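First the structure, then my questions, so here it is.
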Amino acid sequence: MDIASFIGIFGGLGVVAFGAFSGGSLGGLIDIPSLFITGGGSFLCLFTTYPLSYVLGIFNVMGRVFKTFDFGEKALVQKLVSFSEKARREGILALEEEIQDLDDEFMRAGLRLVVDGTDGEVIRTLMENELNQMEGRHMVWITLVNAWATLAPGFGMLGTVIGLIGMLSNLEDKSSLGPNMAVSLVTTLYGSMMQNWLFVPISGKLGYQNSMEVKSREMVIEGVLSIQAGDNPRILAQKMLTYLTPKDRKAIESDVMKD
Amino acid sequence: MDIASFIGIFGGLGVVAFGAFSGGSLGGLIDIPSLFITGGGSFLCLFTTYPLSYVLGIFNVMGRVFKTFDFGEKALVQKLVSFSEKARREGILALEEEIQDLDDEFMRAGLRLVVDGTDGEVIRTLMENELNQMEGRHMVWITLVNAWATLAPGFGMLGTVIGLIGMLSNLEDKSSLGPNMAVSLVTTLYGSMMQNWLFVPISGKLGYQNSMEVKSREMVIEGVLSIQAGDNPRILAQKMLTYLTPKDRKAIESDVMKD
Amino acid sequence: MDIASFIGIFGGLGVVAFGAFSGGSLGGLIDIPSLFITGGGSFLCLFTTYPLSYVLGIFNVMGRVFKTFDFGEKALVQKLVSFSEKARREGILALEEEIQDLDDEFMRAGLRLVVDGTDGEVIRTLMENELNQMEGRHMVWITLVNAWATLAPGFGMLGTVIGLIGMLSNLEDKSSLGPNMAVSLVTTLYGSMMQNWLFVPISGKLGYQNSMEVKSREMVIEGVLSIQAGDNPRILAQKMLTYLTPKDRKAIESDVMKD
Amino acid sequence: MDIASFIGIFGGLGVVAFGAFSGGSLGGLIDIPSLFITGGGSFLCLFTTYPLSYVLGIFNVMGRVFKTFDFGEKALVQKLVSFSEKARREGILALEEEIQDLDDEFMRAGLRLVVDGTDGEVIRTLMENELNQMEGRHMVWITLVNAWATLAPGFGMLGTVIGLIGMLSNLEDKSSLGPNMAVSLVTTLYGSMMQNWLFVPISGKLGYQNSMEVKSREMVIEGVLSIQAGDNPRILAQKMLTYLTPKDRKAIESDVMKD
Amino acid sequence: MDIASFIGIFGGLGVVAFGAFSGGSLGGLIDIPSLFITGGGSFLCLFTTYPLSYVLGIFNVMGRVFKTFDFGEKALVQKLVSFSEKARREGILALEEEIQDLDDEFMRAGLRLVVDGTDGEVIRTLMENELNQMEGRHMVWITLVNAWATLAPGFGMLGTVIGLIGMLSNLEDKSSLGPNMAVSLVTTLYGSMMQNWLFVPISGKLGYQNSMEVKSREMVIEGVLSIQAGDNPRILAQKMLTYLTPKDRKAIESDVMKD
């Protein structure tokens, strides 16, 4: 469970509620038709752009911000270096049994290609192609959330303009002028909140998760190709260490760089 | 028929109508001169930028969002792998008769070049050139819809400013002030709706359709060149599978990777 | 004469005039000092950025949107393929006399280099350099029009703020409040119109014309280099055809692909 | 201590205070709930996007604008040229003892690879990888500050809309209308100040510091590879000098270019 | 002296003054505290981002828009072609004495490398590196002016919000309402003017001057490398001519292309 996302989403909502409370307008901010116009209208427009299955899956994908993903970079380095040492000592075929137990499907597929004696350039093409396609799929999701983030304030503004037109067409009752205008503004508020509090930060997190996953897979590609080429395990270890933060690097440096 | 686009376009319109109805201003939102200024004015400005035939064709192109396009990626993989196997078994010339029946003009042209013994580098240049030109033509259309998406709120704002100037020049009749301003705002509403509800989502869909088509053609190029180079059909199958979603891949993996 | 540009510019103006007329403010929209502040002020600022000759030439360049340019892509393909065939049949020197009559200076210069026996790589560098420089010069013009498109609404807003300040400093005469504010808004209207109705569409057209010219020159470079390399005219024809729209291609395919 | 950052941050605040004082509203600008909504709300939203440790570390990172960083480019050139001369005169192994005393960890690691006889291409990969990862980490921080710079005015606007809604729902007391609206505007002011006075300039400085550090490391990579390749120290000196400003270059030119 | 910049800056100011005069508010537009808040506040924020010496040098750099720079492209072509001919006729060492008298430091340094017998690839690296560093330094200045162009309207808006807050907190005196609001708007006016009339055009000019200088240096690099490689002076002349405008090319074509 990703505690930071909880802090962000519930904390942000709390701050807005506090603001409304201290401004004495907490009740006036909750208006179901306004929510329907802003949230529903912008959501429906997503259907025009994206296939049905994508739009319906967006809530599921946005829920990913609450999950923690561990791409285990430190363990990755240690595993790849140990494979490299084994391959050097006992030959590439010795990796066959190691591969059976691997959880990481991407690494397993790559190493199987190595064991099968596939050409290095072909392995690189296959693995990079797969990585690019994965990133492409992630990008569709991120673009989808971004599209919502842009449409929401657009529909918020639309709702306010519609409210203003209704109000201005009928100015006789001066006493209802203020409250009517207040209601009109609620859609602007909802649109702006959806953008600033929800969709932009969520799309940012999805992008961050994607960049972490891409980075860990680039490490796997680098490692698998290094094993295929029969590089010195020490050089591989050094290459892998450059991907880690200085702190993580310190933690495992002595381990993987053992002479 | 693309059901999602129907949901998006008619659903979005319905939400706006509901908003107007619940705000009691449904009648006040329909104003033909305002529609003419916003939609007509911005449409006419497209003529300044693009050739006649393009601007007149824009409604046709926008209608594409209601059509479903199936670039049949799974069938593509199976076909290319079976061609590759045949070429390996019986020689490249054996593909000649297969080509006759191909519906896919792009693949047929590519394979004919292979059968004719054209050099691989030349085939790549020809096929990529054709793909780039196709994408270039699509991009002109997408840019055209985007241009309209930008001009529409510009003309909406223009209409509102014109209305305000007319209203302010003649303030004597206080009672007509509100309704006049309401009418002025209708063009802003139309401009914003055209952008958020119509043109931006439609341009997004056209872009999505283009990216799917480009991807399927890249698969064809990859496959044709692989056949020309006499690659192992198994390697080709693996390359092709990386283009598919994990679900699609599962579905045909056992089929094309048969040993 | 480019009829589309006429439709765009005069049609767009007509729509705005119709809007003003139907809002009863046609007279109030014409204000020479406002035009001077918005159009003149933004135009003068262009002098700060660009050399004298460029700024003074901008009206001339913008006038190009009314001219039709025909880069004759179909004829280009036919000519280059016929040259290629002749060079193959009778040797490259046989092109010497053909070159004399060529109107297209760019193609002539390129083919003369071929006849002179210049190295292919040098020809490519020279021709691409020339193409890049031409595009660079076009880009300065397009940037200039874009700069005006950005400055015009800036000065429009400036004029409105100046008008508001004048009006607010002197609020005694309530009856003149409305008309004064109306006049202030006219500069906003002019700035927005210059941007949406004039400069953005014109800059778009200049960009479109440039992209067509660049494409036709790329075809010439491709063709000239193909002739220099002694490629098969059939391959050249196929390469050239990929640049054409499907319709144009159909029209001349049988002609240039004759066996 | 970076005196310029002090001038910028405290001077900028002083100017705003002066403006408020001369407008007679200094007291009215300080409102703790408004600060909490604008600053707190936007800060909390950062948690949704970034991992806990990053968000909590942001104040520390922003504090870097007050520190001066000296990447010592002049000394770098002199050191690398002297190493190059020594390696040429006494062989690469002679650098071993020099390396012990080096403070610059990046240069030391690079030179040790040279002394160990590592291949030049491998050294380049390792060093560039490390540089890219460092820049990637810096970029996350800069993006984080930029995200705050974008969210702050968003929450400022949100606060104002909330205030307006509260005010408009309750228009009876005309006398409190002005002050209530004034309070609503304070969040807009805070959001705009955080963006213009604080976060955008700070993110700019972090970007500047990063570009300086990247440049100095590129010099080290260039120098280390030049030593590995056994280049003429004079050529290395010339390469290094191109990285310096004309003034710095003058200062050490005679020193490192001694014949 | 660059007459165009004078026209732009003083003409633009004159148009704004005319607008203020015709709106009867010339006196009301001059307000020293407003100038201090908008110009001073935004200027001080630059200190947070850039080193002291850069910020203090900005006025000097902006003064460059009034200077004319002649990068003498025509003379450049003639000189490089004549050097090329001499080197071909009398050998590269014959250039030694020509170099002594060269004013252009960049060309002199390049040619000295040629005379010293430096390798072509090394010369290219050294010269391009130097060009990139020069462009990098220019870019810091241009970015600095752009930063000011963005901050100025930000502080203008800040000043207006501060003024509005002061005014709204104290609504008793209705008669001062208008003038107070007028004063508030003056900072918006100043911010917008600084951006549209001053900083954006000036930054544009600095960018234009930079692009001209970069282009002339690219010509020198091309020419020096061509001389080093012993290319035919005729080919060099043709390469150089592609950099010139059609008009300039006509003027010297017969001169440098003499057989």
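Order of writing sets the chain letters: A, B, C, D and E. Residues in each chain are counted from 1.
In this text, a residue touches a chain if its C-beta (ideal position, glycine included) is under 8 Å from a C-beta of that chain, and two chains touch if they have at least 3 such contacts.
This is a predicted model, so every value here is computed, not measured.
Asks: Same or different for chain C and chain E, where same means more than half of the interface numbers show up on both copies?
Replies: Looking at both copies, the contact residues mostly diverge.
Asks: Which angle of rotation, from 0 to 180°, maps the CA atoms of chain B onto the equivalent atoms of chain C, to the nearest 5?
Replies: Going from chain B to chain C via C-alpha fit gives 70 degrees.
Asks: Calculate how many whole Å lie between the centre of chain C and the centre of chain D, each centre taken as the average of the chain's C-alpha atoms.
Replies: Distance between chain centres: 41 Å.
Asks: Using mean C-alpha positions as chain centres, tell me how far chain A is from chain D in Å, no decimals.
Replies: Here the centre of chain D sits 25 Å away from the centre of chain A.
Asks: Residues of chain A that touch two or more other chains: which are they?
Replies: In chain A, no residue touches at least two other chains, as defined above.
Asks: How would you write out the ring of chains in order, opening with chain C and then chain E?
Replies: C, E, D, A, B
Asks: Of all residues in chain C, which touch chain B in the complex?
Replies: 3-5, 7-9, 11-12, 15-16, 18-20, 22-25, 28-29, 65, 177-179, 181-182, 185-186, 188-189, 192-193, 195-197, 200-202, 204-205, 208, 235, 238-239, 242-245
Asks: Quick check: in the complex, which residue numbers of chain E touch chain D?
Replies: So the residues of chain E touching chain D come out as 33, 36-37, 40-42, 44-52, 55, 118, 122, 125-126, 129-130, 133, 137, 147, 150-151, 154-155, 157-159, 161-171, 184, 187.
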